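Two complexes follow with chain A in common, the first pairing it with chain B and the second with chain C.
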Partner chain A sequence: MKAVRKYLDKVKPQFQKGGRFEKFHSTFDAFETFLFVPDTVTIKGSHIRDPLDMKRTMSVVIIALMPALLFGMWNVGYQYHLSVGSEAGIWENFWFGFLKVLPIIIVSYVSGLGVEFIFAQYRGHEVNEGFLVSGMLIPLIVPVNIPLWMVAVATIFAVTIGKEAFGGTGMNIFNPALLTRAFLFFAYPAQITGDLVWISGLTGNAQVVDGFSGATPLSSAALGMFDKIPPLSDLFFGFIPGSIGETSKLAILIGAFILLATGIGSWRIMLSTLLGGIIMTLIFNAFGANEYMKIDALTQIMLGGFLFGAVFMATDPVTASQTNRGKWIYGFLTGVFAILIRVFNPAYPEGMMLAILLMNTFAPLIDYYVVQANIKKRLKRVKLAVENK
Partner chain B sequence: MSANNKSNQEPLFSAKNTKLLKKPFNLENPITVQVLGICSALAVTVQMKPAIVMALSVTIVTGFSNLLISFLRDTIPARIRIIVQLVVVAALVIIVDQILKAYLYDVSKKLSVFVGLIITNCILMGRLEAFAMGNKPWPSFLDGIGNGIGYGAILVIVAFFRELLGSGKIYGYDVIPKVVFETGYVNNGLMILPPMALITIGVIIWLQRSRNRELVDKS
Partner chain C sequence: MSDVIRIRKGLDIKLLGEAVKKISKITTDKFALKPADFNGVFPKLSVKEGDEVKAGSPLFFDKYRENIIFTSPVSGKVSEIYRGEKRKILEVRIQTDEKMNYESFDAADPLKLSKEEILQKLLKSGIWSYIRQRPYSIIADPKDQPKAIIISGFDSAPLAPDYNFILEKQEKAFLTGIDALSKLTAGKIHITTRSGQAVAVAFSNAKGVVHHAVTGPHPSGNVGIQIHHIDPVGKGEIVWFVNPQAVATIGKLFLEGRYDASKVIALTGSEIKNPQYFEVVNGIQLSPFFKEQPKLTEVRYISGNVLTGTKVDKNGFLGFYDDQLTVIPEGNYHEFIGWALPRLNKFSFSKSFFSWLNPGKKYRLDTNLNGGRRAFVLTGQYEKVFPMDIYPMQLLKAILARDIDQMENLGIYEVDEEDFALCEFIDASKTDMQAIVREGLDFIRKEMAG
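Coming up: the complex of A and B.
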């Protein structure tokens, strides 16, 4: 590490004002602050700079995503060997999945960061750190069979239109990773829905074991095959087909614990999203008009990407509501809409993605009304105090 | 116009008049700057052919309605001017619609109500109110044609990208070779949906404003 620091210090002057590579200042800066905590200090006044800058925050989220990623890799191998009916050990499964997932991660990072670097260079500001997390989230929410060029196209679209058009990290209205998935979902529906995309190497005429279906529990439910939903324990531990990172609820809960313990994820949003989902399911249970409505709350939450969305997507600090009361409303409605879309519209099996994107749009509005309500309340209090004097 | 006062007249394509034709292309574009006529721009841009026909129809209607209203501008009572304008526009639109039905039936089917809806196109009323009511016929005609083409240009650009990326065709002809499809290329389904037309127009506006700083709102 010391050698790296020494080397950086040696080449640094060339990137600073007047140096040979002044133009690439932002690129250099991005690498330097990624490797080392920046030593910027405040000079005037009594401000304290928190050493936990955005890059460190993002790194914690990446660590929180690791359990889901590692399990996802293993599960890719496990599902593959299940589909061809052969036995494989833990490491064999993991290695198989690792080789399948790694290219997606690389493509997602290269295309997304590429766009970010180009815009940073062009506009002459620092490279935004925001994509560090998005780049890791994207592989986790796509099926393993997704063609790599589609990942690249969707990522470039999401980062350019969803983020850079609005002014870069911190300005985006929509969660870039979810936008990537939404783009894939509407642009290339055949590659992201159906029974064949979730298992590596499964195509129309692949040799599979009798009775094996690559359908995710969620798509089984959407098609009305409720007896095909695996037992709760499988849903919880994640031995099911699905997007790479979303299958194991255990891994997601470990991630949630890391986020909550470090105070980076908002517990209000996670809790209220869960509550929203549960309450909506209970209302459906009470009606019970069709089979989908009768699914119990626990299964409903274990299905699909609900939990993954609630923990990693809805809590995105940029696109979620900022006020505490706003967070409750935002999370609650996210949960409610996710279940609503799922049950009422089988054409969109994954309601969570659309629910979060929808609530992303409304987050600033919610904040606005929360702030206004607070102002009104305080004004009233002041008036009362003046009158009583 | 008698021959002896021809010398005091400005030439037909004087600098001022050509400006009227050119301005709607960039700095006063009806779609990207004034944000008028968006609805039809979203609806008819899935393919190039309907977009081009629509662009021509709108250009003809804006040009001639501007011309006619400019002739009538001194005789129209101010109170009922909108009704008179509508009658003129509606008559022109019906003529265009009938011609399309007679000679370009397929395209007219695809455009469906959107030809009739030219009557309510904001660009038309905007140009009539803002220009034709206060200017001589010839400049008004040029202004109408210019705005029609400015509108049409955006339509064709959007339709080009939507048809190319959404169906792999340009003007109805396959342009993406089969080999590309065999290697795994798939047409982008989102391009066919209206949201993508809005995003494409958004990107055009973005590019235009980053090139012309004076268009950016000061806030």
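Coming up: the complex of A and C.
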């Protein structure tokens, strides 16, 4: 490692002000700090600092996403082989999916980080680690058949308009990964909805076995074909078509466990989102006006991206409510709206994406009222003290 | 009977190098008073280089509050007025003479003196500067009517000195100090001690005060946290606070009629071979403490504790309000993919490291920032180590935006920079919060005055 360090020290001056590659300062810095924790020491305030930094935080989230990603890769292969009616082993399935998903990951990272690097350099900041997570989330929430150029366009849009326009990581209002998906959803609806996009090759001229539809359980439900919803165990383990990372609830729960055990993800949001979804479903169950309303709570939660959204998307600390009390409200309403949109709006089979984006909009408002309550309490105390004098 | 205040949020950072309970005397011939130790004071000199001074002779005073004067802790000659950029006075250095000569302020029983007489004695001797106030953590204004005076009988910061031990033999001075303070407020005097601990008789024998037992991790020893739970400071209200050793110093003024600036400090930190207590005179030059070569070549000398102390030079001087010296390693090294490693030798509040598996372990932590500065990203973290009914991040943002109304609304009068020290420690975005809070307090004080 000493040789690497020596080399970095040697070339560093060229990237600093007045150097030959001054314009790549942020890029160099990003790679240098990736390889080595910087040697900066504390100047003001506390002399010692916690070893937890943004890189560590973000890598924990990425680790938590790994089970969903790895399963998603396998499932891409599994679903493909199912659709063409051929048998394949675990590794064959995985390898097939790996080759399909890897390009999406690469395109997502390259286009997103490209924008981040440019803005960091332009602002004179260090490159923020936020996109390391967004860049991994994006491939997990799109169908496998998505054209790569669309991923690039949508990612660049989300990072530029959704994040950098607001001032970069920490200032954005909407979850960048979800914004990417929303962009795809409204700009290229044909490529992200329907029965054909979820299975690799289905949009082409693959020889599909008779009777294979490729529809996700959720779109079956939206069309009223409730008998086509697979058994709970399939929903739980994830042997179903769907966005790459959303299918296996088991993998998502492993990720949730990692986030909760490390304290990086908010248990308040995860729990309250779940509660919101369950309570909304129970209310529907009570009315039972149509077949969709009669679906039980467990199935509702296992369907589509509800759990993935609750664990990985709603918990984004920047776009969620920032006060603890606000997190309860925010999560609960996210769950409620997700089920509400699902059941009442047949045009959007999945409500989670829109529910979270909607609640992203309201998060600052929720925080405002929570903080206002604290302010009122303080003012009351002061008033009381004055009266007692 | 005392009530128990339970502090649930917070964090005890366990470091190597706790002082053993042994007091040695240490002295040298150089002392100094540093104007920067006093928040918001603009120093005007009363002496020039070469002047002879006694212990208790004025060295400088505050330009904006001329009755607040700062006196020499020792007798001798003003050897140097040490200045920095723009001729800012950094240190007034004193070279001691053979024996200690004291200015006389006449001994007297404080209970028999009027409030005015007590004030005059404290102001003239310069001992007044030991009495500070919330909000702003500035030296108290003798004209004010504080609604309470609070004395925190314990310091919960890492490796902090134990006041029960320090005040073991100071009962008389401490109680006399309490007598004097009791004349200065119509409100209550609160003394807090750690619950479940043997308490120095000085504390337990104090009469006419309210005793509180406090449990919980750091920052439970901070006066700001305690007063928040006892009697919060609202807009326009003032609470005074005094360090327990300073109470004894006040007591000695009335018992002996002189400014006895001696105090006991703890020499601590992982880079100190024999951490222990020392009896010194305030403002002492620190070189005799650091004579022994540290284990490492590059260490940081801190006057105070690792969270709130001031970085000092090896030949620097003890901070006026500090009862502790800490020496820890500097962290100016690169660590290869450190953010990805388990890093078992580091202590973290976060469970993404493994220090929580080994709660008893004491650590040797260095001054590395451990990452790069970022915007506020994570939420709900600071609240875990901030035991007040205040939203820390929202308050910091209000300060950064210089939004006075919002700062007031969110409770800036109740906080001090030291209350944010733990938030600063655990912050993954590496924000210098204590500096932000200080700026906010200075800003709002200026606006209120204007």
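The rule is simple: the second predicted complex is superposed on the first by the 362 of 389 C-alpha atoms of A that agree within 3 Å, B and C clash if a C-alpha of one lies under 4 Å from a C-alpha of the other, contacts with A are read in each partner's own complex, and residues count from 1 in each chain.
By our rule, a residue touches a chain if its C-beta (ideal position, glycine included) is under 8 Å from a C-beta of that chain, and two chains touch if they have at least 3 such contacts.
Worth saying up front: this structure is predicted, and the values here are computed from it rather than measured.
Room for both chain B and chain C is found when the two structures are superposed via chain A, with no clash between them. In the overlay built on the shared chain, the residue A:W149 is in contact with chain B alone; chain C does not reach it.
When the shared chain is aligned, no partner comes close enough to touch A:S233: not chain B, not chain C.
Look at A:M54: by the touch rule set out above, it reaches chain C but stays clear of chain B.
When both complexes are overlaid on chain A, the residue A:R378 reaches chain C alone and has no touch with chain B. When both complexes are overlaid on chain A, the residue A:I161 reaches chain B alone and has no touch with chain C.
Taking the Cα centre of chain A as vertex, the centres of chain B and chain C in the superposed model span 100°, given to the nearest 10. Contacts of A:N388 after superposition on the shared chain: neither chain B nor chain C is touched. When chain A is checked against chain B and against chain C, the one touching more of its residues turns out to be C. For the pair chain B and chain C, the model built by superposing on chain A gives 9 Å as the shortest CA-CA distance.
Of the residues of chain A, not a single one touches chain B in one of the two structures and chain C in the other. Of all residues in chain B, only 184-186, 188-191, 193, 199, 202-203, 206 touch chain A in the complex they form. Of all residues in chain A, only 147, 149-150, 153, 161, 165, 183, 186-191 touch chain B in the complex they form.
Listed in rising order, the residues of chain C touching chain A in the complex are 13, 232, 234-237, 300, 302, 306-309, 311, 326, 328, 330-340, 343, 346-353, 365-380, 383, 389-391, 393-394, 409-411, 417, 421, 424-430, 432-435.
Taken in their complex, chain A has these residues touching chain C: 1, 4-5, 33-57, 59-60, 126, 128-130, 167-171, 261-264, 266, 268, 317-318, 320, 322-324, 327, 367, 371, 374-375, 377-379, 381-382, 385.
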